[in-house]
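As written, the chain order gives the labels A, B, C, D, E and F, with residue 1 at the start of each chain.
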Amino acid sequence: MLSWILVLYVYLTLFVTGGIAVYGVVAKRNIVKKIIALTIFNDAVNTVAIFIGYRLIPRPLPPIMPTIHPNRQIYSAFISSSVDPLPQALVITAIVIGVAVTCFLAFLAIRLYDRFGTTDYQEIKRLVRGGKR
Amino acid sequence: MVPAVDPLLGLVVLVLALGGFTTPLISRLSRNRYAVRTYPLIYCAASLAMASLIMEHVWVAGEPVVYLLGGWRPPVGILYIADGLSALLGVVTSLVMLLIMIYSTGYLEGSGREYTYYSLMLLLEAGMLGCIYTGDVFHLFVMLEVTSLSAYALVAYIRDKREALYASYKYAIYGGLATTIYFLAVLFIYGGVGSLTIGDIHLRMAAYMSRYARPVFLCGLVFTILSFTAFLYKAAVFPLHFWLPDAHPEAPSPVSAALSGLVVNIGVYGIVRFAYTIYHGLPDPGLYSLSLMITGGLGCLSSLVGAVLMASYKDVKRIIASSTIMNIGFMMMGYSTGSPLGIAASTLHLMNHSFAKSLAFLSSGVLIKSAGSRVLERLRGLGRALRYAGIPFAISLLSLAGVPLFNVFVSEYLLAASFIHTGKWVFLCFFMASYIISTIVYLRILYEVCLKTPAAPTTHRSGREWIPVAAMLTALSITCIITGILSGYIISKIIMPASQCLYTNTEYLETVKKYLLNIH
Amino acid sequence: MRRGISRSSLVIVSLALALSLILVYFAAMGGLGGHPSASIVGIGQFIVNNTYNVFNRTYWAGSPEAVTSIIWDYRGFDTIFETTVLFAAVMAALLLVPGGIRGRIQGSGKDEGLTLIVKTASKIISCIVVVLALNLALRGYISPGGGFAGGSSYAIAPLLLIAGLSVFYLVRLGYRLSRAIGLRTLGLVGLVVVSSLPLLYMGYIIQNQAKPGSMFPGYPVFLGPLYLGGSLIYMNVFEFLVVSMEFIIIFIAMFLLDRGCGGSA
Amino acid sequence: MRRYIVLFIFYFIIYLLLSGGTYFTDVFFAAVVAAIASALTAKLLVRNEEKLELRRLYYLLKYFFRYMLVDEIRAHIDVARRVLTGEIRPGIVAVPYYVGSDYAKTLIANSITNTPGTVVVGIDDREKLMYVHWIDVKALDPSTCRMYISRVFEEYAMKIFE
Amino acid sequence: MNTSWFLSLYIPVITCVFIAAITLYMYRILRGPTIPDMVLGIDCMSYDLAVFIALVSLYYDTSFLIIGSLMISLWAFMFDVYISKYYLKKELGD
Amino acid sequence: MIRMLGEIIQQIVFGIGVCLVTIGAVFDLLAALGLVRFPCFYVRMHAATIGVIGGAVVPLIGVSLISLVSDQLGPYRFMFAGISFFTALLIMITAPVGTHILANAAHKLDLSPKEPIIVDKMGEDKR
């Protein structure tokens, strides 16, 4: 029961964070704040991933064998207490991708500020549209 | 080794990535500016050869060919798998990419940063081929990101243009959101089913459904909603189409051709793959019909919105870009009929649209460059002055307008037939309405650009530069006409097997099952 | 006023989306392995069982670190293309920089930088960080870390030097853009070569250990007294090279962009 | 040459600290990494390699233990008392220094800052003054301040780095 | 020497003290009238977290979490330097 | 005989480690109290120094000593001890530099009020 409440609490926190971050990406006017909201969303999703791979036992251990010359006992202790490594690996990949996208967006934001002289998304939109008609 | 294991599947992506990695180095090592232009072409040609060989292997084997990366069997490692549809899309993608790259050598001005263009184009192709051939949901995410990031960057290629920067930002920020949502979907399916391979997900869902019908359904529901959000964004379907009229026209014309002709296909491919391979044939048909419903409903709206947007713009590239929204809507409608005929028609339309749309962008690029503007009035009569671009432009417009003898007509005719056949009268209404609007717009452009007399004398491009441009325009025009004339042959030999294999996913699943590692 | 309404509706929509997701997910949990339980489901357990199974080496990866073995062996192709994404981002960054790849960094940077104490300390710390980063990268297959962790720790060194001293100092040390691009290409080509080498032996792309149905004997896990962990170590070293160089390119490009934009805005 | 050897040993020890050094592999890679890192950074870190002597290492260790066991404890207890009682007389005083090398200055400044009760706020290289925020100003005159704050540190810094 | 029985009693107690300290730091971070106060609080909290991670990994009998404390302490240093750099460069009008 | 001696040494090391961690915890609490109680940023820095040296370096050295003699950590306990000791050293080098540059920036730009203060030699020189 306690663990169930804990799980509920963690998911609730993460999803509310994610929802607020999505709102931030959509509704914030500052282009830098949009990027920050995107990174928050990435992080919330990554935390969900880590949590999916968690193991509800008293002492879960990182998925690393504690020695390179294991015997049967160490091996069976390892497979019975290690958390799921796959979501962690997926998260590492996703983190790198997130870093790449954020880096590109940051460069783009600097360029945008340089060319438009403002960081307001609506203002930039207005300037672009105004140039067209 | 099992004969159906085909290393080309993995190699084609890796080779393209290698080309992308080494292009900057070549541009630094060699002072000759032709080196950096011809070097990527080797990789493009190699990828076309490999994609064709893969298609041939699929034909010969009569079943999907697979490649086990790292030697790991499906649920553990990444699986590359090509059935008829993937093989066809792979060939189309690499062929159009090769033509675009050759065109670019003549079209782009020599500047200090051409190497970024070629490098990113190679990565774009690598990402698209990876998306097409992969059989793994998470690898699809990675490849989607490779494609997207290259696309975002290429949209901003003209970095001093304010509109390009704005369009790239808009495309990238919401694109980043969409792909992250897709990652969330992958996590849910892993948490729920415990597997990442597409075929294995179907098998496991089918197995679990007998015991836990409702949880599996809800898990699939979340997966569908989240992953389709990402794919609909990539395919620019109605509520998520807002980036396209900004992003596609602002890029240089070859990039527009690649984005509009090929990259949007990836979104459609993802939706189709998920709907037909994962959900079709489950004990509970709820997920299948739901995904078809989403696809069909949004496809209808999308086609109409695309047509209306086309009529509202004055900018030629914007009009052509908006017509992509409409055509994607047509494809979605065809795929959502759930009948073999509709799938075949949509697949054919996918292919034809790629050829015609890239031709339209490439030829309009020459005209726009010579006029110095994208507004329709300024292009008046240019098609007559610049014949080598004007005639291909006319061909592409006629083709897109659905005039008989050209390729798009055949697929649109088949689409209408499939709507009638399955009794989807709503689809037919939307289809006819958008078809009529779009045809009027196309013919108006044709009249303005290619039939009127030129307003002012234009400057012809001189030198050897235009030879690859003209050659590629001719090649694509011929492709458009030939695929139109030989449609009967193409449909019976290529399209029907591909769509049959997609519709009844048993072959695909059998192949995956053959390699499945039994883990409990 | 209208904007206010649309904003609040957006809040409601996104919150409703989040809440419905939770509810749906919790409904979906029953009986399936979606929420943390006492055991692992599916592929995870297989990998935990086999990654360093010295008793039955049919499916082993030769690394006690399950995460690294997934990253470079079980799902190695993902990681190669993840590196590609980073590469594409850096190419895009260079594309946006005025002057691009041939931008020159000239100047003394004498009056830049912080106080003398910070200068000295950042020199020492950045030298120590190099060792730390190499340690993380080289031991990636035994303990947490790996190519990306090592490379991004290495990036602390140029960051500190930029903050404490200046970019000019960094360039004088030899962190040049052209050199970084060359080394990055070397790393990327190394990744591709290591992953496609088994093809020559009729093996699979990115194969690490011997597999049924492949003639490739596998990269050596134990080489005399050395423990190498198959192909993982080469992959980690090349990835380290790539990531560290990409970060250096990003920092220098950021500086160029900053200066290029400063005048014209 | 000497600087390469000294830095090699330095990096070798750091690598072994970080990796535990239980396997031969670690020792091997420690040697490789130390060789690479010392080759890369020797010129950056050590300007005058004549100064690298064993005697200075001895003073460094002696200083480390003295500093940790005497100065730190005294200062900690003093400031902890002030936390509880709340009696403070803060001020920024000027403390002169007479060492020349960067490392010596950094050592002195870090020692001063690491001792609770004194923090180096600024350093003036021309006047050879450090501005120290002192929680309990006992004197204003620079040389007296030096007696209170940095005399011991400077003696050792002289021995170690000059 | 097997010390786990003692540590499993000792570490929770000590951890509570550290958590109390972190709470007080948190008060300073949230309250902190000026930005340097907040930075100082974050600094102290980072170093505290480094110790906290070390204790937790001792509690769980695993050597692999400890690398986190190293990273956190480096990060805190970077944080200080960059905040100060930002303000000092702003003063120069750059 | 030697084994017993080893056992005793281990116990002594363990005891020292536990003492250091306890001392560290006490100092950390005092530092946190100081950070809350002291009136201005410059005075709080001194409390923060206690938090860094007494509250982080000392317990990390303690943890490293404890781990050195804990068999249940397995063969990687030397790595554990090494990294925690190295972290302690690193904090000893970096933390004062961080505090110094922060104080420097705060003083140069008047980011926080200096009151109460008796004398400000640096500010006088600036003027």
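Rule of thumb we're sticking to: a contact is a pair of C-beta atoms (placed from the backbone, for glycine too) under 8 Å apart; a residue touches a chain by one contact, two chains touch by 3 or more.
Because the structure is a prediction, the values reported are computed rather than measured.
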item: Given chain D and chain F, the chains that contact each of them; value: C
item: Number of steps on the shortest touching-chain route linking chain D and chain E; value: 2
item: Centroid distance [mean C-alpha coordinates] between chain F and chain E, Å; value: 10
item: Centre distance in Å when chain C and chain D are each reduced to the mean of their C-alpha atoms; value: 34
item: Chain A-chain F separation of Cα centroids, rounded to whole Å; value: 32
item: Length of the line joining the C-alpha centres of chain A and chain E, rounded to whole Å; value: 22
item: Junction residues of chain B - those touching two or more other chains; value: 138, 142, 145, 149, 152-153, 156, 159, 190-191
item: Junction residues of chain E - those touching two or more other chains; value: 61-64, 67, 70, 74, 77, 81, 84, 88
item: Two or more partner chains touched - positions in chain D; value: 14, 18-20, 23, 109-110, 120, 122
item: Each pair of chains that touches, named by its two labels; value: A-B, A-C, A-E, A-F, B-C, C-D, C-E, C-F, D-F, E-F
item: Interface residues, chain F side, partner chain A - complex; value: 74-76
item: Residues of chain B defined as touching chain A within the complex; value: 138, 141-142, 145, 149, 152-153, 156, 159-160, 162-163, 165-166, 168-169, 172-174, 176-177, 179-180, 183-184, 186-187, 190-191, 315
item: Residues of chain A that touch chain B when the two form their complex; value: 18, 22, 25, 31, 34-35, 38, 41-42, 45, 48-49, 52, 86-87, 90, 93-94, 97-98, 100-101, 104-105, 108-109, 111-112, 115-116, 124-125, 127-128, 131-132
item: Chain F contact footprint on chain D (complex, rising order); value: 14, 16-22, 72, 76, 79-80, 82-84, 86, 88-94, 109-110, 113-122, 124, 131, 133, 135, 137, 140
item: Touching residues on chain A, where the partner in the complex is chain C; value: 3, 7-8, 11-12, 15-16, 18-20, 22-23, 26-27, 51-57, 62-70, 72, 75, 78-79, 82-89, 92-93, 96-97, 99-101, 103-104, 107-108, 110-111, 113-114, 117
